[in-house]
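As written, the chains take the letters A, B, C, D and E, and residue 1 is the first residue of each chain.
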Amino acid sequence: MIVDNALYRKGVRVPVDGDGASLGDARVPCASGDFQWIGIHDPTPAELKQIATTFGLHPLAVEDAGDSHQRPKVERYGDTLFLVLKTLWYIDEEDAVETGEINLFVGPDFVVTVRHGEGIDLATSRRDLEHRAKVLQHGPMAVMYAICDRVVDEYERVGAALEIDVDEVEESVFSPARSDDSVRIYALKREIAEVRRAVMPLREPMRRFAAGQLEGIDEQTATYFRDVADHLHRVSEVVDNLDTLLSTAFDAHLARISVQQNDDMRKISAGAAIVVVPTMIAGIYGMNFDHMPELHWKYGYGFAWALMIGTALSLVALFKKSGWL
Amino acid sequence: MIVDNALYRKGVRVPVDGDGASLGDARVPCASGDFQWIGIHDPTPAELKQIATTFGLHPLAVEDAGDSHQRPKVERYGDTLFLVLKTLWYIDEEDAVETGEINLFVGPDFVVTVRHGEGIDLATSRRDLEHRAKVLQHGPMAVMYAICDRVVDEYERVGAALEIDVDEVEESVFSPARSDDSVRIYALKREIAEVRRAVMPLREPMRRFAAGQLEGIDEQTATYFRDVADHLHRVSEVVDNLDTLLSTAFDAHLARISVQQNDDMRKISAGAAIVVVPTMIAGIYGMNFDHMPELHWKYGYGFAWALMIGTALSLVALFKKSGWL
Amino acid sequence: MIVDNALYRKGVRVPVDGDGASLGDARVPCASGDFQWIGIHDPTPAELKQIATTFGLHPLAVEDAGDSHQRPKVERYGDTLFLVLKTLWYIDEEDAVETGEINLFVGPDFVVTVRHGEGIDLATSRRDLEHRAKVLQHGPMAVMYAICDRVVDEYERVGAALEIDVDEVEESVFSPARSDDSVRIYALKREIAEVRRAVMPLREPMRRFAAGQLEGIDEQTATYFRDVADHLHRVSEVVDNLDTLLSTAFDAHLARISVQQNDDMRKISAGAAIVVVPTMIAGIYGMNFDHMPELHWKYGYGFAWALMIGTALSLVALFKKSGWL
Amino acid sequence: MIVDNALYRKGVRVPVDGDGASLGDARVPCASGDFQWIGIHDPTPAELKQIATTFGLHPLAVEDAGDSHQRPKVERYGDTLFLVLKTLWYIDEEDAVETGEINLFVGPDFVVTVRHGEGIDLATSRRDLEHRAKVLQHGPMAVMYAICDRVVDEYERVGAALEIDVDEVEESVFSPARSDDSVRIYALKREIAEVRRAVMPLREPMRRFAAGQLEGIDEQTATYFRDVADHLHRVSEVVDNLDTLLSTAFDAHLARISVQQNDDMRKISAGAAIVVVPTMIAGIYGMNFDHMPELHWKYGYGFAWALMIGTALSLVALFKKSGWL
Amino acid sequence: MIVDNALYRKGVRVPVDGDGASLGDARVPCASGDFQWIGIHDPTPAELKQIATTFGLHPLAVEDAGDSHQRPKVERYGDTLFLVLKTLWYIDEEDAVETGEINLFVGPDFVVTVRHGEGIDLATSRRDLEHRAKVLQHGPMAVMYAICDRVVDEYERVGAALEIDVDEVEESVFSPARSDDSVRIYALKREIAEVRRAVMPLREPMRRFAAGQLEGIDEQTATYFRDVADHLHRVSEVVDNLDTLLSTAFDAHLARISVQQNDDMRKISAGAAIVVVPTMIAGIYGMNFDHMPELHWKYGYGFAWALMIGTALSLVALFKKSGWL
């Protein structure tokens, strides 16, 4: 499905005839310096094939663009650059990170963006960019920059959300309440791995774009990509840091369980002692010897109670003092 | 045993005289641009020797080809390339990864494929390739590509199967049921190591093929190998990710055991208390003091029962409230 | 807010007219070899914009300078160098490391320093530098050196404070007292991670400055930066070492908990035995057989007591000897 | 002690006069293309000195050759190559890896091999090589290849033996029998470390020999060394894999201990319950109330037994069902 | 304090006038090819300053030389090389590694050695070197070699001492005796970290010296440094190996604690059973039923004893058989 299709001349959107045309007729003739940007969402294989024919895209790249389980990468086919970006966004209700995919074909005078799944909306990126004629003037590379910037911004938001999650886990681990944090830690580690799989493969190509080691990227565009690369670097640092923090938190969780078990064991033992010692006393006065003077005392029974309660209370005091209760 | 033997001219299979000939006569005269592809399965040393003489292969490479415990590698002997590939496939019934081996000798006008063990069938690769004349035109390198592609596709299938296995383990670890997941995790880690041993050594040569850094690989073939390298990269990422997930799952498993032991200990202690306290009461009324008024009450016995049951029920309530039962 | 603003000629501060002027008029005309150093603290976006216009700074760098959550980095925009430094200082009362940020714009004839948050005071650096005319003569690079030196010195102080903290943790872990060191270890690991995030990204640029691989750094200034790079290296080593020490200490902590639990269990069991065995004896003499000679002995009851106390004492002796008590 | 001393001409052994001569006279005049190979075993310092003088070896290399605790290395002294190889062999009876050392001095027309300790016998290598005139023709480098090949072959045998040991440990860890596998795992890890110390330092020089980056190694000899390098690579992979397997097995061992402890605890608790509940019942009927109707029933005693046995059996059934017994 | 001061000409010590002179006059005029070696121990800042002026040393290097907490490094200031070496030695009585520091200033015709702390004595190095005129002839670089060699030799001695310590720990961990090895392992890990901090930073500069990549190092001196680099490499391998061994030993220690706890728990439970079962029997015969035939038997009491002792003995036998006792 075509989401939007426009021609840009000197950084300004030019009205295009037949905006709602079929994919086969989507190509707009470009004068020198112009470029076309067409956005597609969840295309069928047939639609992709039409687009491929219209813009002369390489079959292998088109095959990849039809599959939403690619790893992020940048590949060059002739004078067309093919970019696969993983989009990430955070669903607050589920404390979960969701992933989508954006494919970009960046030619000398066109950009084709193919988006899979929900999540990041390219329409806002396009609108933003259309208000920044100065950036848009740099042609297709400006579009590539705008989309990368948008995607990486979302990465940073995801990173920030995960930081809050890790803070929560941390608090839970060190709170006196007993909680089974291992499920939560595991889930977070899985999500961090997902973020890393989206972020890491992009770092090298962004670095290369930032260094201007790519035909078609002038120095000023390179500066923009340096900004993207820098943000990407920040995300990857945040995520690495969270990962090691979680590992440490997990170890602390283990130590905590052991300490709690120890505390429980001592509490239990103290409790047992308080019952077992009076039982022994009762047992003694339950013996059947002929000559047991205490049994015939007038206050013998009271004495036995006093003894039992007394030892029990002494034990309570003793255990309280030694921290077992 | 010769499995198949054919001559290819401009991407088309040419009928060969004496198709069922012995290995010593297997060589077919090739015109310029033609090439011969002969497939052998589980050859005897004698057969290998014949093939070596017929195609002028290097003794060290032939020695390696006769041994099915090679590590994956790519070596050049004069103008012949020698490739060792590990084939992997997943046996559903046993949740196990099996390994085989394919050796390729790729000369200027011939390809000799030597397959050890069961598993991946090269006949289908050959048939597929024969239907893609455009690819087959690129000569022996196209055959090499087709086989690598087939092998790596199978890697991806194995990776996907292992992902399901890991999901199962994960579920089992975090399910409330007690299960000894360490055996399963260990077995999976062993299999992941096996996959990694097949995948990792291939990454560097495939990258080199993809970059066209090999005589005989033109730009278009390089593009194909880039696809293979990309898939290989994806498999290795999947497998690395699974490995770290399993390690984390293992840690969680350990934490789970500790937590369960703690729960058990508390449950046991609570149970013990419910028995031990009435025993103490019974002991008290089993004492033999002369003056124990309760003993002579009419409802003394009932009172004792009430006391015992009452304390027991109070303890149950208490432990339920504090989560010990 | 402008903190200080001065012109330096041949290493000497030159009185500037309108020292308290607004940011828009802050630029002072520089003769060849002179340079201006203006220091700003917690600027508003509007102030930053004025400064940017006055000194012709790149919008992306200025945007970064307004945000106090940058990662340390060095970037070149035309002939201006943009430096982001994390400042660290140690708060004794809270055993905590605090972070701030300093941004530097180093042009051919000006230095703009933008400081966020509290902590390190650049006024003292400026005063120190003004007393070292020989260093100050090297121009803006000397200011950059002085600030880096100051910041890194503070890193070393933080490192030393953390070393003391780790020593305390270590002592606590190995002391016979029971202490829950996991919270402390976790907190320290978090702070070490923070230090590392400040230190690590600076190492590569400082190494480059030290090697003189930067326009505007002459050999002598390079020597100064070598000193900074060396200190940075030392801090990072200290911090890495502390991190691994903490990990080892944590493992030891875990082992300690286990050993203590074991000790407790044995102590508890010994205690239980001392009560349970007399109870058994009492039970025996509480049996109702017609013919139990001991019951009719004159000193039967005394004998029972002797037996009970005797076995209890023997058990105490036995457990003491075997180290259980 | 001289073990063997011979002159080789065009790949054929030439009878040498005074074969049993003293070390001082051991040098044989070599025509162009000839080379001498002298083998020494456990030389005294004096013998080494004589050899050094005779063949003009560098004092530092000779010093190293006298010490059997060198690390594997390749060094060049003028036109002589000095090689230190660790020999490894596996003693089945002790499940242990033993180490020896071979030093090689490879000059333009001589090879001096100095062997320390038992283990690998170079006599067989020499005999094998003397039957392969084609290889021997390549001169001293062929001898170096033959010895490296022999040593690395032995590494592979050791690797295979360790694989069996690890399989045994694995079986023991996962068998239901209780076994203290930590000693065995530790011992194996120590041996694997020893193998690694022999293997790892050789990889880089062998790679260089295989790439022909050494004066005196022609292309064909390089091919032979490629084979050695490949085997070395395989051993190192095997050994790395075993190491990580052992780590995982160790973790599984730990989990197993915990699970077993848990099982024991539950079994013990169940057993205790079966004794404690009847004790409570007995206690109840041991109370001395005046009015306890059950005591006067005709079958009261039988009823008590029935109650005790009944509850005990119910408990057994309950615990069996819940898997505690 | 000046420890020694001498002039060397063609490898021979030349008597110097005013050997006991003050530091300010310490410089001796050198003819071409001569060089002066002055050794200082624990200098005051003033002494250092004098030396700096006398030999024209760089202020930053001198500042470092005054501080005994430098990390090992090699720096070039003009034509003077500045070396910081950490000295290590092992104190048998305390099982501890001590550290000191040696700073070297190596100029074209002088060597200034500044030693901090106790430990390695340079006087013996000087005496040894003075007996090796052939080495000493190579000038200041020979002195640098001699000192590095001496320091690294001491590293190897420390490494060997630590190996013995690790062997002891290992024995203690696997001995049946209960020992709290975590303290010892932690202490050893700390010391190994200290050795590593001394050794690691030297490896790269020594490698460079060994490769002759330093002005003033001729090929023969390079050969000497290759020896030093080789020893350094060996130490670092030893130390790395010990570190991983200790980690494995620690894990084994943890497993051991768990196994022992399990053994204890079973022993305790068995012991408890032996007491609790007779108690139950006693309880039964303490019941007050009217009709309990056993109570009226002549040998009823004896029967009860037999029953109690019999069950106790059976339990002992049972537990012995199943390995619980």
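Note that in this section contacts are C-beta pairs under 8 Å (C-beta built on N, C-alpha and C of every residue); 3 or more make two chains touch, one makes a residue touch a chain.
None of these values were measured; they are calculated from a predicted model.
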Subunit D reached from subunit A - shortest hop count over touching chains: 2
Labels of chains that are neighbours to subunit A and to subunit C: none
Rotational angle, Cα trace of subunit C fitted to subunit D, multiple of 5°: 145
Centroid distance [mean C-alpha coordinates] between subunit E and subunit C, Å: 26
Distance from the mean Cα position of subunit C to that of subunit B, given in whole angstrom: 42
Subunit E residues counted as touching two or more neighbouring chains: 254, 258, 261, 265, 272, 276, 279, 283, 286-288, 292
Contact graph of the chains (line, ring, star, complete, other): ring
Chains in cyclic order, anchored at subunit B, direction fixed by subunit D: B, D, E, C, A
Subunit B - residues contacting subunit D, complex: 58, 60, 70-71, 73, 75, 77, 178, 180, 182-183, 185-186, 189-190, 193, 197, 250, 253-254, 257-258, 260-261, 264-265, 268, 271-272, 275-276, 278-279, 282-283, 285-288, 292, 294-296, 298-301, 304, 308
Contacting residues of subunit B [partner subunit A, same complex]: 170, 174, 223-224, 226-227, 230, 233-234, 237, 241, 244-245, 248-249, 251-252, 254-256, 258-259, 261-262, 265-266, 269, 272-273, 276-277, 279-280, 283-284, 286-293, 323
